[in-house]
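In the two complexes below, chain A is the common chain; its partner is chain B in one and chain C in the other.
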Partner chain A sequence: MTDEQVVSATAQSAARTDTFPRLLRVVSLGVGPLVAALVLGGLVLLLMGFNPLSYYAYVVQRAIFSPSGLEATLTRMGPLLLIAASLIVAFRAGIWNLGGDGQYLLAAVFVAAIVPLMLGILPVWTNLLLGLFIGAAVGAIWGLLPAILKAWQGLNEIITTLMMSFLGVSLANVLVKLAFLDPATTTPQTRTLPVEARLPRLFDTSVSSGLIIGLVAVIAVHLIMTRTSFGMRLRLVGANPRAAIHAGLSVPTLTIAVFAISAALAGLSGAVDILGTHGNVRADWNPAYSLTVVPLVFLARLNGFGSIAYVFLFSALTIGGESAARRIGVPSFFSLVIVAILLITLGLAEYLDKRHQERARR
Partner chain B sequence: MQALDQAPAALAATPSGAPVVALRGVTKRFPGVVANDDVTIEIRSGEVHVLLGENGAGKSTLVGMLSGLQQPDEGRIEIDGKVCVVASPKQALAMGMGTVFQHSMLVPSLTVTDNFALGGPWWKRPDRAGIAAGIRDTARRLGLRVDPQALVSSLSLGERQQVEILRALMRGSRCLILDEATAMLTPHEAVALGELMRRLVAQGIAVIFITHKLNEAIAYGDRISVLRLGRKVGEIDPDALRGASESENIERIIALMFGTSEKGESVRRVQVSRRLGDVVLTVEGLCCDAGRVPVRDISFSVRSGEILGIAGIDGNGQKELAEVLAGQLPRGSGSILLMGSEMGGASVGERRNRGLRYVTDDRLGEGTVGTFPVATNFLLKDIGADPFWRGGIERPQEIRLQAERHVRDFDIRTPGTQTPVGKLSGGNIQKVLLARELTGAAEAVIFAKPTYGLDVNNIRTTRKRIREAADSGKAVVLISTDLDELLELADRIAVMDRGRLRGIVGNDDDARDAIGRLMSAGDDE
Partner chain C sequence: MALFTQSFIITLFLGAIAAGIPLLLAGLGEQLSEKTGVLNIGLEGMMLFGAYTGFLVAWSSDSLALGFVAGAAGGMVVAALMALLCVRLGLNQIVIGIALTLAAEGLTALLHFVQFSRTYPRLDGVPTLPLWPLSEIPFVGPILFNNNVVFYFAIVLVAVFAWVYRQTNLGIALQAAGDKPAALDAAGVDVTNTRTMAVLVTGALAGLGGAYMSIVVAGVFVPFMTHGNGFIAIVLAMLARGRPLWVLGGALLFGGSLSLTTALQVAGVDIPTDVIQMLPFAMVMLVLLVAGRKAALPVALGESFVRGSR
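After this line comes the complex of A and B, so read on.
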């Protein structure tokens, strides 16, 4: 008893004296790699013959400091956050749903095909809700096969979801070109949802309310995973499936549930993107959000709030990068290069930190 | 005790040499605990140096610093009298520190030879014939029989351990570290390991041996150091050890380990005075081929208040039997009745709800989640249950209170209830598991090796709790490889061999002989 008290007392005092350096560490671990990634990215730009400073200044100016740019950045966050939520659920439960792109795109295509058709029939509000529902349902259905194969046959979901994703992307294309073609235009694309029938804008900005849906989804997923019994079950399955079986959980049922939620969120992302921003799907269009968000949620360590920050950063990089591509000529996928470098610098920072801690202990 | 009976009477006393390795004033802190506090220990060549101490005393941490897994915060490590930094396991090996960890580090799907080749430079084709010859040679020198071509997966635990020792020695180890090496061995294998240790020290190697079995410590050790709460509280040198009788030694060690002079061994038989109630668990003609060892035609019944022991050498289907009963393995045929109603088709969770509990012996593999906090691990089998969750929402306060209660009642040494369970010492992880399983209501409980890895004191309290479980009317199935444990606790003892029950005997005065007969009867087949 007394030993325990001593132990917990030392633990507390240790925690107190540690707080400040720990804060410093967290900040340097979070910001240091980011700065390093931007510097290294700048070197790449230099090699490509561009002025990194003017590129970055331009990106920041266009994506964050210009009102229309900031609005575009925030609007794009909506679908990205939903993808992040989809991935967090799956990864925390130890399931690698890498099929988000197929789930997203198929959902987008069905939403784009069906919602404009019902415009006159239903009021705008029900129409939008129905659209969101269709997106989630289509996504979930596309996740069903890998879910079943994983739950009852133990088939590796990395392979099945990736394959279903390729199939889904191709099928979406075929549907756009053959079945859901807008007869009124010559370019192969679906009918376009008129601007007044899309998701409402926030206040008097051009930011789509998809942002709110995305924020709510990420935060809800975060809270469910950390604070509820359902989330705890999923984390148990993810951390140690044998312990989950031993504890009497039905691992197959939970696996199906995780797939359903994750794929439905990916599908919802497609619906939000169509209903909020694009209004239609052109043939051969595939933003491949899901695979680009994977590194972001890992950078945020599957934390919902961290993901919001990273998604904002990435969204700004892509929005700014797209304008820069038009103005300066730096290819728009340069934002992916930054993410890749960021992954490496973050890994390095972690390694150095561990080494440093070990050294400090000696 | 078993081990001692069979231990060779006169173990050669070897002259002690100069210290090969020495830890001087070593301190190691973890968040919230001082695992080693100013410890000074010398390991001499030609000596088996036994480290003793209760669960969480700091034994594994101490040898972890010699094998390069941990770095001391203060103090220094001297090898051959020179101050050294053992920065990594690889470096430890290069300096002559070979460690055999409690869990096998061999790759089961490879042959013995290929396992030995793994450490070599990657750009060179391994010289398999040379390695195999080396293995045969060293094995012969040590009096071991190791087939270099054998797949590791086909070896028993004891054989794997011999292979690991061999590997450590072939890499030039002068100091061999064995952490709880005998915990999972059969009594026979444990004796063989003890004899091997003696032969090794006779050849001038130093051995560090961690164990919880005091009789082994006295039988095979030359020098004994005792740790308590991270501090070294005593050392018994070879002369003192040999000068005293076994019971004097045990008494002295117990006094050092726990700071009291409690009587350590409690091998008094429990008089079977419990009133047995109705039959709770009935198993009839149970077969299962799904596990590693097929289980055949098992029939028994256990009454309320009764403890049925299951004896047998590890790996003879005990684990499979327990898993079929718990629902983790599908039943092939036969029936399992709990309180008279069939349960064979029910899921793990349903069986648990109907009052069946299974205390696994695989504490890290399935019993706990190492990265989850201690408090969470107490609740793995009750996720969503009132009062810890209300309407599906976690209530941290309730969870913390229960955790603090368990930590107090079961004397779990942990810095806090939020510490990841994987950071606790082996024995304390076991206590977390027991705290979870021994509280709450149940009809029948299956214990698989409940006391493995526990120190003498914790073994005593755990056995007491098992007895209390039976006294409160539960039907208990106790699987153990430790015959003394069964003789102490069980009302009847069944012997399991190659997936079958060879017979059930009442626990009376000649139970030990009867069990011995049943065990050897199986050999004739």
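After this line comes the complex of A and C, so read on.
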């Protein structure tokens, strides 16, 4: 072997070992925390006296390998993906919109109150579009106050969005019980949108086309944030607001724009859930999706495509978990525990990775 | 008008205190954390876990004192996780804070379900400790000097914190850990230890506040029962700008907004419970709108401290 060949051979093998660990790193960072969370969650189940293996097997069987379960899983992905899109916009721009629950629920209530009433007046399609618009608008309006306080007064949006969220959830209940009651039933709930007037189903399945809306939204958000100058500006605001000011960007305007988009997407999620799945809002109903989707988008490193995969897994976990609550007796709060553990294992994985990188650099 | 009888006003004030004490305890804790530079979003989780452990121990041991201790210990367990992950390992304080709150919500609901299924056993009322002869003062006596032990403790704590912050070296060290950690480090005080201690104390206080809710106010543990009180306490700490007395004032103000509706119901004015639940949050937003600009936070808040890094 000549020297030259040796050099090129080592360079090649170096390149190979370099790409291989990098792939390994991405996979282990994405999957490792998930596996760890499932194992720790299994320990919790074990301590409660349930068999974790049969629980997980049941969840997977119910939510993915049974046709009706898979359809329910895919249907639920629609609103969850819209929440993910809402969070990705905000987090990439460095804004903590943690008020998704209020934005979602208020939008859902207004959609459920107005759309069934307009059914006789408007054609079905126009009515659905109107519903989607109402949802987005109500969500955006509920995000307005934290946006203004953040943009003009520099007030921490974590607190204000959380407060508005609690306020919104209670207000939604008040509206359902006092203002938007369906006079035809005794249970406190809004009027119900008939099945034939809801979002159309996909092909011959019972999967709601809300899934398509969710997929389009999350991919669009991903492309806007990574491929357009508008997204570039938002990311700059998030990464370094001071530099953004020096670059001549109007940070307050961009902050309000981010809030408007993020909250509108959360509101749209509520609209899609009502128009596609539930048809009405019952009093005290609050799925509280928003905070549970936070770890998923972090796990995907705020990547839209990665979020789709994690949202699918989470959707399956909740659908299977609800079924397991009825059948095996593990309360559905368990998925909350899994999500929390996931956030912690995710943080630990990032920490170990950072330390590993630093050591490798030395 | 029959509305403003003495009994109505006493109900109102007692209610304000009952609803305000958990906020006061948690708010004082959060203020301590924030002073040292740790934004403790997990406060809600610490309160809820303390509410659970406090209730559980008080119920099974028949000892209220043990219940309060267990509540503080429960909050401290969650805080220890927070200290380990955020202060020691430097993970994102907001993400971990959300995680701990979710974990406390899910775990306490699960544990409560496993143990009690769908029943909600009740505790007996908490005895009061009249401070004679002050308790005999008309009107003020029954409100302020015939209350339970935790109430007196919380009030004394306000004074203790005010004294520590203003008069002692410890107070200066706490302040420096939040404003200029590098300077504290150079002065030979371990920043990480200072912050760890602050977070642990916060957890104990939040847990005690939670236990107060479950043992004293409600007499029962219900999943998700803290219902945003931890977050309101964070707002209190932000608005109080490092002054314990302001936390007390704010806690009574928000507690009062909760108890006004209860007192009105007692007086025969019917208000749906959802409206009652909205009131404190609406109040917080109103206060933030008016005084939000003044809500000051330490410079290094939310940033982890790594020795030698800039």
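One rule holds in what follows: the second predicted complex is superposed on the first by the 335 of 362 C-alpha atoms of A that agree within 3 Å, B and C clash if a C-alpha of one lies under 4 Å from a C-alpha of the other, contacts with A are read in each partner's own complex, and residues count from 1 in each chain.
Keep in mind that, in the parts below, a residue touches a chain if its C-beta (ideal position, glycine included) is under 8 Å from a C-beta of that chain, and two chains touch if they have at least 3 such contacts.
Source: prediction; values computed, not measured.
Undergrad: Which partner does A:M48 contact after superposing on A: first (chain B), second (chain C), both, neither?
TA: Only chain C; A:M48 stays clear of chain B.
Undergrad: By the touch definition at the top of the document, which applies to A:A247: first (chain B), second (chain C), both, or neither?
TA: After superposition on chain A, A:A247 lies in contact with chain B alone.
Undergrad: Who does A:A239 touch here: chain B (first), chain C (second), both, or neither?
TA: First partner only, chain B.
Undergrad: Check whether A:A57 is in contact with chain B, with chain C, with both or with neither, and answer first, second, both or neither.
TA: neither
Undergrad: Look at A:V216 in the shared chain and tell me whether it touches chain B only, chain C only, both, or neither; answer first, second, both or neither.
TA: A:V216: touches no partner chain.
Undergrad: When the two structures are laid over each other on chain A, which of chain B and chain C touches more residues of chain A?
TA: C
Undergrad: Look at A:P295 in the shared chain and tell me whether it touches chain B only, chain C only, both, or neither; answer first, second, both or neither.
TA: A:P295: touches chain C, not chain B.
Undergrad: Is A:R227 contacted by the first partner chain B, the second partner chain C, both or neither?
TA: first
Undergrad: Using the touch definition from the top, say if A:L149 reaches chain B (first), chain C (second), both or neither.
TA: second
Undergrad: Counting only touches as set out at the top, which of chain B and chain C does A:K177 meet: first, second, both, neither?
TA: In the superposed model, A:K177 contacts chain C only, not chain B.
Undergrad: So in the complex, the part of chain A that touches chain C is made up of which residues?
TA: So the residues of chain A touching chain C come out as 44, 48-49, 96, 98, 145, 149, 153-156, 158-160, 162-164, 166-167, 170-171, 173-174, 177-178, 291-292, 294-295, 298, 331, 333-337, 339-341, 343-344, 346-348, 350-351.
Undergrad: Which part of chain C faces chain A closely enough to touch in the complex?
TA: The touching residues are 41, 81, 85, 89-92, 94-96, 98-103, 105-107, 109-110, 113-114, 223, 227-228, 231-232, 234-235, 238, 272, 274-275, 277-278, 281-282, 284-285, 288-289, 292-293, 295, 297.
Undergrad: For the complex, which residues does chain A have touching chain B?
TA: Interface residues on the chain A side: 1, 3-4, 7-8, 10-11, 14, 227-230, 232-233, 235-236, 239-240, 242-243, 245-250, 358, 361-362.
Undergrad: Which stretch or stretches of chain B touch chain A in the complex?
TA: 31-33, 71-73, 85, 229, 326-328, 347-352, 358, 360, 365-372, 376, 380-381, 383-384, 389, 392-394, 407-408, 415-416
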